[in-house]
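Submitted below is the structure of interest, expressed as C-alpha cells.
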Amino acid sequence: MPRLIEYADAPPDVRAVFDDIKATRRVPDVTNFWKALAAHPPTLARTWESLKQVMAPGGALDPLTKEMLYLAASATAGCAYCTASHTAAARAKGMTDAMHGELLAVVGMAAETNRLAEAMRVPVDAPFDE
Amino acid sequence: MPRLIEYADAPPDVRAVFDDIKATRRVPDVTNFWKALAAHPPTLARTWESLKQVMAPGGALDPLTKEMLYLAASATAGCAYCTASHTAAARAKGMTDAMHGELLAVVGMAAETNRLAEAMRVPVDAPFDE
Amino acid sequence: MPRLIEYADAPPDVRAVFDDIKATRRVPDVTNFWKALAAHPPTLARTWESLKQVMAPGGALDPLTKEMLYLAASATAGCAYCTASHTAAARAKGMTDAMHGELLAVVGMAAETNRLAEAMRVPVDAPFDE
Amino acid sequence: MPRLIEYADAPPDVRAVFDDIKATRRVPDVTNFWKALAAHPPTLARTWESLKQVMAPGGALDPLTKEMLYLAASATAGCAYCTASHTAAARAKGMTDAMHGELLAVVGMAAETNRLAEAMRVPVDAPFDE
Amino acid sequence: MPRLIEYADAPPDVRAVFDDIKATRRVPDVTNFWKALAAHPPTLARTWESLKQVMAPGGALDPLTKEMLYLAASATAGCAYCTASHTAAARAKGMTDAMHGELLAVVGMAAETNRLAEAMRVPVDAPFDE
Amino acid sequence: MPRLIEYADAPPDVRAVFDDIKATRRVPDVTNFWKALAAHPPTLARTWESLKQVMAPGGALDPLTKEMLYLAASATAGCAYCTASHTAAARAKGMTDAMHGELLAVVGMAAETNRLAEAMRVPVDAPFDE
C-alpha cells in the first residue's frame, strides 16, 4: 500500500491542492487517491488541474453523463479503486440503481462484442472509415 | 480477415437475424460485424438478442447515453472496429463534435487516473467499500 | 513495420534458430514474427526455446487443446497478429468451423462476465479462496 | 463490495433464475457473481441464459475444454474473481494439476508473444490473412 | 480515420499549441496525434501542457529513460500508433538497436510474469506490502 | 490463493531453482511468486531461466533502467503483485522517490495518450512506418 499523506502532514503546495479539491467538490476531506498522489506534488497538481478541467460543468455533456462515462471507462479498464470511487460519485450526482444496472449491462455487452470483433478481425465498414 | 456472409448467401436462420437487425435499426444492410458472426449462427442469434435487449429504448438511460457508454467502453478496450462503429452510431443518435470531444477527454483522463490508482495500489476509501 | 530478416540475410545464430523452427514445425519458412524477432538474436533464441518447451507434445494437454488455449488468450489480449496466426495453427491441428465458433463464443462470454464481475467487485466465494 | 442478494430475500423473477442455475449445475446455492447480478434482474436473466447456451454440453467442444478456454480468457483478462471461480469449475470437470500447470504456461507464453508481436507491429503473414 | 487538422486550416488557439509543440521539440510539423486532437481544442491544449510538463528535462530521470518508459507502457497497452511514435522518439534520443531489443525483452517477460502472477492470484509478500 | 511451496517441502528440482534464485539475487528466500510457480516445476524452471537471462547485467541497459521498465510494464498491465514486487526491486537498485514519481507520471500520461490515439484511430505518421 502507498503512503497516504494527510492534510496535517502535508507541505504547503500539497495543502493548496487539497484545499482546491475540497472547495471544488464541497467535501470535508480528499480521497485516498489524492493522498497517495501527494507523494509527488507535481503529479498531484497536474492531475488535479487536468481532472478539474475535464469534469468542469458547463460543457456539452452534463456532469452525471460525464461521471457515468468515467465509470464505464474505469470498469472496462478493471480498476477496482476507480470503479468504487466513480460509482459513489455517479450515485451522488443522481445515478439510480436502474441506471447503474443498465450501465453495467452496456459495459458487459461492449466487452463481449469488442472481443468478438477483434477475435474475428472484422474490417471497418466503409461508411465508418471516412 | 474473416469470411463475411452476405444476405444473398445466408441460410434461413441467418437471414432471419439479419432481417430483425435491419427492421430494428431501420437500415438497408447489416454491418460487417454481423456478417462475420454469421459464420456461427448460434452466436449470431444469441449476440443479437442480447444486444437488442441491452440497447432497447424505454429504460432508465436514454439511447444516446447508452451509445456513448458503449463507445467509452469500446475506446477503453482499444477495439478499433467497435470504436469506429459506435462513434458512427452515437453521431446518428445526436452526439455532436463537442460531446464527442468531451467523451474522449473523459476516456483519456480515466485511463490516466486508472493507471495511477492501480500503480500506487490505493486502498478503497472506507465509505465506498460498504 | 519492423524490419523482417530473411534466412538468406541472417547471421549463423539466427539461421540456427530458423532451422530448428522449420524442422520442429515441418514448415518451409518461419513466419513474420520470428523474422522480426531476429533483430535481437538473444530474444529470438530464448523465445523459441521457451515456446518449443511450452507447446511440446507429450504433456497433459493435447496439442490442439493447447493451441486453442493460446488462441483464446491471444483473442482476449486483442493481438491481431497472434489471433490470425494461432487461428491458422489451430485449424492445421484440427479445429473445425464449429469448434472455432464455440471457442469465440466462450471468449466473448468470458469477456462479458469478467467485466461484470470486476465492475461489481464481487468477492471471491469462500470455497474458491482456500 | 456489492450487495449480495440471497435466495431468501430475492423476488420471484430472481428466484426463478437461481433455481435454474442450481438445477442446471446441480449445486445447492449460486455463487456470489449471481447474487451480485441479482441487483438488476434483467441482466441476471439475460447473462444466465447466454452463459447456459454457450456452455451447454453437446457441442463441438467438450465441457472441460470449454471451461479451460474460459479460464484462459479470464486469466488473460486479469479478472481475479473469474480466475478463481473458473479454476474451481475446471477442476470439478477433471482438470488435473498437470493440466492446470500447462494451461498457465500457455497463458503466460501467449502474453509474452502477444506483447512482442504488438510491440514490433509484425504484419500478418499473407497466408493467414486470406 | 479521424479528420487531421493541418496548420494552414487551424484556428488561432490550435495554431498556438502547434507552434509551441514545434518550438519545444524543434520539429517542422506536429505529428498526426496532435492534428487529430485539434478537433477538440481544449483537449489539445490540456494534453500538450500535461505531456510537456511530464517529459520536461531537468527531472530525476533523463529524457531517454523517460522516453523508453513511455515506450514500454505503450507497447504493454498495445497501442500501435504510440508504439511506433515513441520508438521513433526514443531512437532520436539515443536508443540503440541493442537497447531496443532489451527493452522489448523486458516488456515481453513482464507480460508473461504479470499474467502468471495474476492467474495464480499470488499474495503480495509481506515486506512489499508495508 | 495458490498453494505456496516452501523450500523445506520442495522436491529436489524445485530446490535447485530456489537455490539459484537465492544465489543470483543474494536473498535469504524466494518470493511468493516462485513459491506459487513451484506447483508446476517445468514452468518454474523455464520462467526463472528466461527471467535471469532477460535481467542479466552486462547488457545495453543498466539493471536499474531494466527494473524500471519492468515496473512501467507491470503498472500498465495492472498487475498488483508485480507492481508491488518490482517497485521494491527498483528501490533496491536505486530508484528514489523522485524517480518513482516521474515514472508514475510517465505511465499515467502514456495511458491517457494511448487511449486517445486509439479512440481517434490516428494513422501512423509516414516517417514512423518505414
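Every chain is named by a letter (A, B, C, D, E and F) in the order it is written, and numbering of its residues begins at 1.
Criterion: contacts are C-beta pairs under 8 Å (C-beta built on N, C-alpha and C of every residue); 3 or more make two chains touch, one makes a residue touch a chain.
Keep in mind the model is a prediction, meaning the values are calculated, not measured.
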Can you give me the shortest step count from subunit D to subunit E, moving only between touching chains?
1
In contact with subunit A and subunit F alike are the chains B, C, D, E
If I compare contact pairs by residue number, which of A-F, D-E or C-D overlaps with A-B on over half of them?
C-D
Fit subunit C to subunit F on CA atoms, both being copies of the same sequence, and give the resulting rotation angle in degrees, nearest 5.
180
Can you check which chain pair, B-F or B-C, has more C-beta pairs in contact?
B-F
Between subunit E and subunit F, the Cα-mean centres are separated in Å by 20
Indicate the whole-number Å distance between the mean C-alpha point of subunit C and the mean C-alpha point of subunit E.
27
What residues in subunit D touch two or more of the other chains?
1, 39, 42-43, 46-47, 50, 54, 75-80, 84, 98, 101-102, 104-105, 107-114, 116, 118, 120-121, 129
Touching residues (chain side subunit A, partner subunit E) in the complex:
1, 42, 46, 50, 53-54, 129-130
Write out the stretch or stretches of subunit B touching subunit C in their complex.
39-40, 42-43, 46-47, 77-79
Per the touch rule, the subunit A residues reaching subunit B in their complex are 1-2, 4, 31-33, 36-37, 43, 47, 50-51, 54-55, 59-61, 65-66, 68-70, 72-77, 79-82, 84-85, 87-88, 96, 98-99, 101-103, 105-107, 109-118, 120-125, 127-129
Spell out the residues on subunit E that touch subunit D in their complex, using ranges where they run on.
75-76, 78, 80, 83-84, 104, 107-116, 118-121
Residues of subunit A touching subunit D in their complex?
78, 97-98, 100-102, 104-105, 108
